[in-house]
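The chains carry the letters A, B, C and D, assigned in the order they are written, with residues numbered from 1 in each.
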Amino acid sequence: MAVTTAQLVDWLERYAGVIAEQKQYLTGLDAAIGDGDHGINMDRGFQTVLVKIEPVKNKDAGTLLKTTGMALVGSVGGAGGPLYGTFFLRAGAALDGKSDVSREDLVSALEAGLKGVVERGKANLKDKTMVDALTPAIARAKARVQEGASIGEALSSAAEAAETGMKGTIPLKALKGRASYLGDRSIGHQDPGATSSYYMLRTLSEALAEVPQGAKTATS
Amino acid sequence: MADVTTATRLKKLINSPESEVKDALAGMAAAHADLIRVEYDPNVIIRKDPPKKGKVGLVSGGGSGHEPMHGGYVGLGMLDAACPGAVFTSPTPDQMARATKAVDGGAGVLHVVKNYTGDIMNFEMAAELARGEGAKVNAVITNDDVAVQDSLYTAGRRGVGVTVLLEKVVGGAAEAGYDLEKATALAKKVNANGRSMGMALTSCIVPAAGKVTFEIADDEMELGIGIHGEPGRERTKLRAADEIAEILTSTVVKDLPYKRGDEVIAFVNGMGGTPLIELYVVANAVNRYLQKEGIKPARWLVGSYITSLEMAGCSVTLLKLDAETTKFWDAPVHTPALRWGV
Amino acid sequence: MADVTTATRLKKLINSPESEVKDALAGMAAAHADLIRVEYDPNVIIRKDPPKKGKVGLVSGGGSGHEPMHGGYVGLGMLDAACPGAVFTSPTPDQMARATKAVDGGAGVLHVVKNYTGDIMNFEMAAELARGEGAKVNAVITNDDVAVQDSLYTAGRRGVGVTVLLEKVVGGAAEAGYDLEKATALAKKVNANGRSMGMALTSCIVPAAGKVTFEIADDEMELGIGIHGEPGRERTKLRAADEIAEILTSTVVKDLPYKRGDEVIAFVNGMGGTPLIELYVVANAVNRYLQKEGIKPARWLVGSYITSLEMAGCSVTLLKLDAETTKFWDAPVHTPALRWGV
Amino acid sequence: MAVTTAQLVDWLERYAGVIAEQKQYLTGLDAAIGDGDHGINMDRGFQTVLVKIEPVKNKDAGTLLKTTGMALVGSVGGAGGPLYGTFFLRAGAALDGKSDVSREDLVSALEAGLKGVVERGKANLKDKTMVDALTPAIARAKARVQEGASIGEALSSAAEAAETGMKGTIPLKALKGRASYLGDRSIGHQDPGATSSYYMLRTLSEALAEVPQGAKTATS
């Protein structure tokens, strides 16, 4: 019923895999409206995460995610490092000491992570950043859980919302981050950070898809 | 990243994209053993002669690939430490925290941060860490790039050429005994009095990316380029150096604006792949424009001081001088890349 | 030459191939008005503070496109005058004759000539002219490029990196009061103790030619390149910076040969289009090689000091030190491109 | 019968024209085994010559050629400047004060010019330089004049010898000048200076082709 640390490890490994796979793609998105390093940075970061979480895979979920956050802060650099680093640090803090993570716990942790991202980066919705993927996704996860959906279902729904949010960055003019230097020339391009955030939600949903579900509820 | 190194070797004097920054740091350590020492993991370049107790520490940092900035400016009368990130990527907070700790002589530390979201956030996290350990830390943000529209609602202007001049001026003041508040105020003034704009003829290649950051036709140039090859204001046809220099200089002049009678430092910077002879051609046109406008270039700096790997192009920076700024610009400096008076 | 400028504008910050040298000279005059003055037709860069009576005058010159060499080395403790030719073309005798006359303080003038047929012949004609007017003129020929086979029956080796070091050392000695014979002897010793070798990743483009001097594939480099893009020893596949540095350094070391226990100036030079970060990568490998061989790099110079327009690549120069050479290398110098001790 | 200053002016103008026309070609030859500037240098020099000889077109042949030499020395630079400059200075000195130049005078002047080139550059035959074109050409002119040929005939023959000498540089390994740095890699390329020297002889022969001929002799 509850999400285990092992599943979260699975998430991080899946996410690291997708980042490695999509490194050139993410970097290409960033080259168009930034400085062409987002994929490189995230890949360096998640390769570090894979090493750094090795000793804490059997610890509680909080320790796992805080270790992930520290690894990202110390290896990614750029905008992605503090933002994703803060996301995992805050999410980890919310799960401090927990080894069995309830649906509600997980959603709260994601919310705490997002709050950290917004505090750190001060981006508003529609500024064409990762916030545009994270915000609707986490709101959707919360709503679905409140409706009684399984965590797998809720996250699958959240990943869809993240994808929509990601695509929604295309017509936007960037107001934060490096892309904002481009002004109107940023319009028409998909934001790289929103893209990597979508991958984060998608891999989380994949990792939790096989979660044995507790109370079955109507899916709508 | 092995795909890049093994498949096609880049036309670069490197061993691998992964090792470039550390290899270069080791080269710096060897060549400038009298001035600096280098620590690895986290990577920090620190002044060799420990600053005297009571001196404000000056720390900067940013992505690598802009050499000599910032590591080349560590030494007497300029920076106390510099934190090199991966190529074109802000360093991480552990680097700045270590640098801050290493150079804190009790009078506090000033962080010189270029206005990029990543740099700001990483320096902020570092400052939080350092303050957590009891250090006094201020930060000054440089944002002198007139190519970017300024606005309260955006990330604002990029920090470029003024950063170099600021590090020299404030470094001189710190060496002369300015306290943290006075040094911070001077730094803000220098940033407020400086403006820059750049252009590129060619793209650079980030080693880890393995290909040009932007495509540009043989008859085109990018006006208002950023120092990471970020697209600029406008893609236009190539023009004569005199016209390019006039576009850059007039845009800079009108922005502050610099006025008849002002004295300035005129800084003509090469982007890394442009030879010095061309920078002097540009300097000539900048000089002519300033003379025409009655602005006096009382000091000059011509060379490749804030670069973008092998990008060809240049930038023009003006910094309005007053007695305080001039005094500390002229003060002795002894670093790998700037040296006078000693 | 209008065909080149109007048809396709080059990716260079110039106004036209014809005006490039004069435009750059005017830029130098503006930026370094405290150090030099520039005369036109014939083009000469002359020290601003007239050398004291009785000081040996030091004059060099060569084609333009190698900046900062030579004009950037005019000033206290180095050259008294420099004669810039057209790009990559030896200057003409009227230039050297004028320079010689302008800096002759009665103690005679030493011409520093790089070993190229054109440079030698033009300097010879200039010396004949100057001697005809009663001046004492000696010449020293630099020929340090180990990439070229040495022989009595050929033009011999090219003068490259050692020229810069020689101008500094002999400039220091002249400033300290060496007479013409002693200065000449020191110059010959420095040349005899120095060796260099270079390589290129890309070609340069002579503006008047409007196209690359040589074609080179994406996966190739030219070993033993000359500073005018003259083909070198060998065209080979690209290698890692460490291997390239080892090839250059070992070839240089074995040529003199430099021996265990020798102290040297290690000079890692950029060809104009190579960014500083890569030169430090090379410096690291040079340092490792020298340490392994027990040769002590007691002094370093890392940067683009003798260039070939926008060519990417580097060269390695070693100069064996003795007390006299070290003393005058360390002596104060104040020129546009080299400055210390003042 | 005698060669006039006007004819020598015609020569210089023809030569300047060919140099301008062949600028890229000469530069290309020099790029292969030198530094790719021979055409550019010679063209800069002869454009200067055209300006500098303007005031002395009505003076004696010596003045004309010395002016040409000074113009070249002061504008060409490189190896070409002192070599061609010396050639014309010495040839001019040999014709000092002469306005009507006899066949023998002209040949002596060319010989003096060549002697200057050899003194200045110290090249031997077969070193793969301009000397390889000039030496056989001027020897041939002298021989033909001694045989009684008209100056036009003698120079036409000389131009042929220059062309043969020029082509003869192809298989040579360069021992002087910039091409010598190449060692064996210089083999197989035609020397640029020998090529410009061939043009010099050819245009001279063209300029003198219409010389009213004195003593007619058998052509062989």
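The rule is short, and it goes like this: contacts are C-beta pairs under 8 Å (C-beta built on N, C-alpha and C of every residue); 3 or more make two chains touch, one makes a residue touch a chain.
Just so we're clear, the structure is a prediction, and the values are computed from it rather than from any experiment.
K.L.:
What whole-Å value do you get for the distance between subunit A and subunit B if each is reduced to the mean of its CA atoms?
P.N.:
Centre-to-centre distance between subunit A and subunit B: 33 Å.
K.L.:
Nearest whole angstrom, what separates the Cα centre of subunit A from the Cα centre of subunit C?
P.N.:
56
K.L.:
How many Å are there between the centre of subunit B and the centre of subunit C, using C-alpha atoms for each centre?
P.N.:
Result: the chain centres lie 28 Å from each other.
K.L.:
Considering only which chains touch which, label the overall pattern as line, ring, star, complete or other.
P.N.:
Shape = line; chains linked end to end, path left open.
K.L.:
Go ahead and list every pair of chains that touch.
P.N.:
A-B, B-C, C-D
K.L.:
Give every residue of subunit B touching subunit C within the complex, in rising order.
P.N.:
Going through subunit B, the ones touching subunit C are 8-9, 11-16, 20-21, 23-28, 30-32, 64-65, 67-68, 72, 201-202, 218-219, 238-242, 244, 266, 268, 272-285, 287, 297, 300, 302, 304, 307, 309-310, 312-314, 339-342.
K.L.:
In their complex, what parts of subunit D are in touch with subunit C?
P.N.:
By the definition above, subunit D touches subunit C via 27, 31, 33-37, 40-41, 43-44, 73-83, 85, 120-121, 174-178, 180-183, 185.
K.L.:
Applying the document's contact rule, which stretches of subunit B touch subunit A when the two form their complex?
P.N.:
1, 42, 63, 85-94, 116-118, 121-122, 124-125, 147-149, 153-155, 158, 206, 208-209, 213-214, 226, 228-231
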